[in-house]
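All chains are identified by letter, namely A, B and C, in their written order; residue positions are counted from 1 within each chain.
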Amino acid sequence: MSQRLDDIATALSARLEGDGSLTITSAAEPADAGPEDLALAMQPAYAERLPEGRARAAILWEGADWRALGLQAALFVQRPRLAMAHLTQRLDPGPEIASGIHPTAVVDPTATIGANPAIGPFVVIGRDARIGDNARIASHASVAEEARIGDDALLYNGVRVGARVVIGDRVILQPSAVIGADGLSFVTPETSGVEKARSSLGDQGEIVRQSWTRIHSLGTVIIGNDVEIGANSAVDRGTIRATRIGNGCKIDNLCHIAHNVVMGDDCLAAALTGIAGSTVLGDRVVCGGATGIADNLSIGSDVIFGGGTKVLSNVPAGRVMMGYPAVRMDQHVDMYKALRRLPRVLRDLASRQKPVPKSGADD
Amino acid sequence: MSQRLDDIATALSARLEGDGSLTITSAAEPADAGPEDLALAMQPAYAERLPEGRARAAILWEGADWRALGLQAALFVQRPRLAMAHLTQRLDPGPEIASGIHPTAVVDPTATIGANPAIGPFVVIGRDARIGDNARIASHASVAEEARIGDDALLYNGVRVGARVVIGDRVILQPSAVIGADGLSFVTPETSGVEKARSSLGDQGEIVRQSWTRIHSLGTVIIGNDVEIGANSAVDRGTIRATRIGNGCKIDNLCHIAHNVVMGDDCLAAALTGIAGSTVLGDRVVCGGATGIADNLSIGSDVIFGGGTKVLSNVPAGRVMMGYPAVRMDQHVDMYKALRRLPRVLRDLASRQKPVPKSGADD
Amino acid sequence: MSQRLDDIATALSARLEGDGSLTITSAAEPADAGPEDLALAMQPAYAERLPEGRARAAILWEGADWRALGLQAALFVQRPRLAMAHLTQRLDPGPEIASGIHPTAVVDPTATIGANPAIGPFVVIGRDARIGDNARIASHASVAEEARIGDDALLYNGVRVGARVVIGDRVILQPSAVIGADGLSFVTPETSGVEKARSSLGDQGEIVRQSWTRIHSLGTVIIGNDVEIGANSAVDRGTIRATRIGNGCKIDNLCHIAHNVVMGDDCLAAALTGIAGSTVLGDRVVCGGATGIADNLSIGSDVIFGGGTKVLSNVPAGRVMMGYPAVRMDQHVDMYKALRRLPRVLRDLASRQKPVPKSGADD
């Protein structure tokens, strides 16, 4: 993966100063960089550690004096994290999955495999499944009957794709992601305590002893293009219609997307986020880590949820939300500051009111 | 799976009007329904979209005029979600797992497999394991030594059943569910900061630098009949006795049931719920998504936890709880409403009290 | 696994009274104990149930009269949970994984396997991977190219170890743990709403419709000695440097350790804990269940987080924290008690202030 620095500069839309013929094989933090590494020193604080390493070239901040830093060349970029994206994309060797179909893989004869596959050991592909071109499917993954996966897919080890699931192009599924498990959907013969407690906000009425009857998941999952889903995450199939994840969504590890959920395009959900059944998200919704969204809600486009937010009601487009239950982030900050002051305020109130006689029966 | 509408009516205890000889192969939302689909239009709002599809038959609400809706037949049901359960059960094709034992499966010669198995590729079944009749075990699942699984089980792809685990009849384990991992149980040589902080509610005393010694999990997991456990969930084995999950429990994706936990019958836990070590739940406890229950607690029967609830103390039977820490839901609503008003109340108080001199040292 | 009671006494540093020649094969709770079980009755309440079982020997509390309890021998220990650790370690049979390398395993010819391996069916080991001595690797696990695993490792079924991951000695990875998935790291071409909302605490400014560009994970994961990681947990690889988990860390099921995180030694994280990208923890940090720690934070050594805590800012060493957002546990208790009183306080205030005219426009 040896690359000339001037080629990297072009790819990153970076301004090159110094010797563009240097070759780079990887990227490193300044103190760890060897002579073949491009050091990442976008801020002066990072550059201070360049002398600890042996970098010959670095990405620097605008205005930095690369010669004084002992370098032979430097790249200057407008938006460092975007440069990181392009740089790491060029340097990532990707997982090693041998070309072709491993002899241990069990591929149903009715399945269609596109051009140029790399399918690893112990992969199972079911009846009438269709896999696009350039698929990379790592060991132990399974793709069930009638599932469809687009071109340029990367399925890591142990991924589970259920029957009839449809997945777009350039999708990445991290290890043990499960797409198309059955939804958790149960009903009791008579109105349940949960139904009553939800409508009354807390009163479940008379308790009836009853068991759960299963609502089967006849729907599937439809996932757009350019979607990534993290390790050990789960996207359940819909009850009747499909659970849908729009183009460009990025879902982290250990997330749960329940049956019938619809996510718009370019949503991002950090780890341990859960979205309950039938909730609909617009485009570009961002869920911080451990966000929870209750069922049957509507979340507008461009909503941002801070980490840990638990969402119990609809949210209009463009809101920035936080807390449990979720409120606007600025309101959450006000409430939280007031709560921090509250113990002292109550002590103050008590001391002021001592002379006043008790207010009576409701105390 | 083609079925006559009058047969479906009987199975759903539904009242049929119109042509019962119509045949149905699947169910669909009104706008998506083809002529072989039964449209689900239990409310007028749903029925409005019937003209967008081509349904000939639908499930409607009591009093609806099916002829005016352009249908040839209609079903009327008392409790729509219960009808959904019966209908979807009839229409679910289930996963395709070929009859017999796939030649790649590794089944220990001492294992006992019941009648009529369907065991997929790369399944591993250990020494003296016993699998009941009509087992369906999808690819890549493993059942370890001396584990027992009842009749009519469905284990999805990549399920892990540990040694000596006992599972009842008609259980469904979704992909990558892990039953019988070791519990997280560690002890320090001297009293730990955690032990001290718990008893003092916040003071861990003098810090002692010490490592963790492992308490091994000698117990197992015992799961009743008619239990379902979601994708990527984990139920840990007990330390000495067994972790127990009662009959009819339904556990969603990404849930954690720790060592020694006892769940009664017919409990339901939505996704990302965690129940910590040695906690005991009664029957029919319902945990909304992302519920967390601390260790060594006792939760009575018929308790309902709203989504996101974190339970730090025992809960009597029949309570509806919410919040962090959990309180009765009605109390939670009161506290939350008061907290929303608090910033303004404090501003008001401050403006009233401006003339009053500061109350002194404790301010 | 039959063992003499006097040998067990020595191993547990326990004081033996009675017949040390009794043989023990397992441990049990008093009511369940058979004649070959050592009954665990460290408290009088437990001992009450000894007559329900058939134990001949028990671990008792200091001062207990073992003869009166009908026993033939007894062990007395200083710290019962520590004794449990030593006892269960001696009695744990461990998982059965046959010695040698199962014929179905796919081991790359360039991989190095240490002495005395036990590698199960359908295991895949990649190019130039190095596995230490006495490795036990259960079915369906995979170890990718250039990964290194130390001596005496135990990898349970379906574990995923990614390329170039480095793991120390005596590590235990529970089923379906995923070490070395790619981090969730994305950037938008222009400043995103999330970046703006974070700096303004709630205002995302003008909304720009843009998609996510992937920052690839070139770094790896480095895990120390004596680490245990739970079922279905995930530790992501770093972006440039490695994600690091120190010696002796114990991580429960369904935990998420994001890219670039550094955990010191002897940390413990209970289930459903998430630690976001680039956060650094000191030594001996304890995370109760469902703890969430935001990205790019610094958590000092010996910090203890109560269950459900969501950490949004740096925490100095030695603190005991709780709540969302996290505060000192004693402060959390104060705030929570005040909040419980708040609805009544506001009602009281309102009744006192009725005669006072409204304070004006900001009401």
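One rule holds for everything that comes next: a contact is a pair of C-beta atoms (placed from the backbone, for glycine too) under 8 Å apart; a residue touches a chain by one contact, two chains touch by 3 or more.
The shown structure was predicted, so the numbers you read here are calculated from the model rather than taken from an experiment.
Shown here, the protein chains touch in all possible pairs.
Comparing the residue numbers each copy contributes, chain A and chain B share less than half of them at their mutual interface. Mean C-alpha position of chain A lies 22 Å from that of chain B. Residues of chain C in contact with two or more other chains: 104, 122, 140, 158, 176, 232, 254, 272, 290, 324, 339, 342, 345.
Residue ranges of chain B in contact with chain C, taken from their complex: 104, 106, 122, 124, 126-127, 140, 142, 144-145, 158, 160, 162-163, 176, 178, 181-182, 184, 186-187, 189-190, 193-194, 197, 201-204, 207, 209-218, 232-234, 236, 239-241, 254, 256, 258, 272, 274, 276, 290, 292, 294, 310, 312, 324-325, 327, 331, 334-335, 337-339, 341-342, 344-345, 347-348, 351-352.
Across the complex, chain A is touched by residues 26-29, 32, 40, 79, 81-82, 84-86, 88-89, 91-93, 95-96, 102, 104, 120-122, 138-140, 156-158, 172, 174-176, 226, 228, 230-232, 248, 250, 252-254, 265-266, 268, 270-272, 283-284, 286, 288-290, 302, 304, 307-308, 318, 320, 322-324, 328-330, 332-333, 336, 339-340, 342-343, 345-346, 349, 359, 362-363 of chain B.
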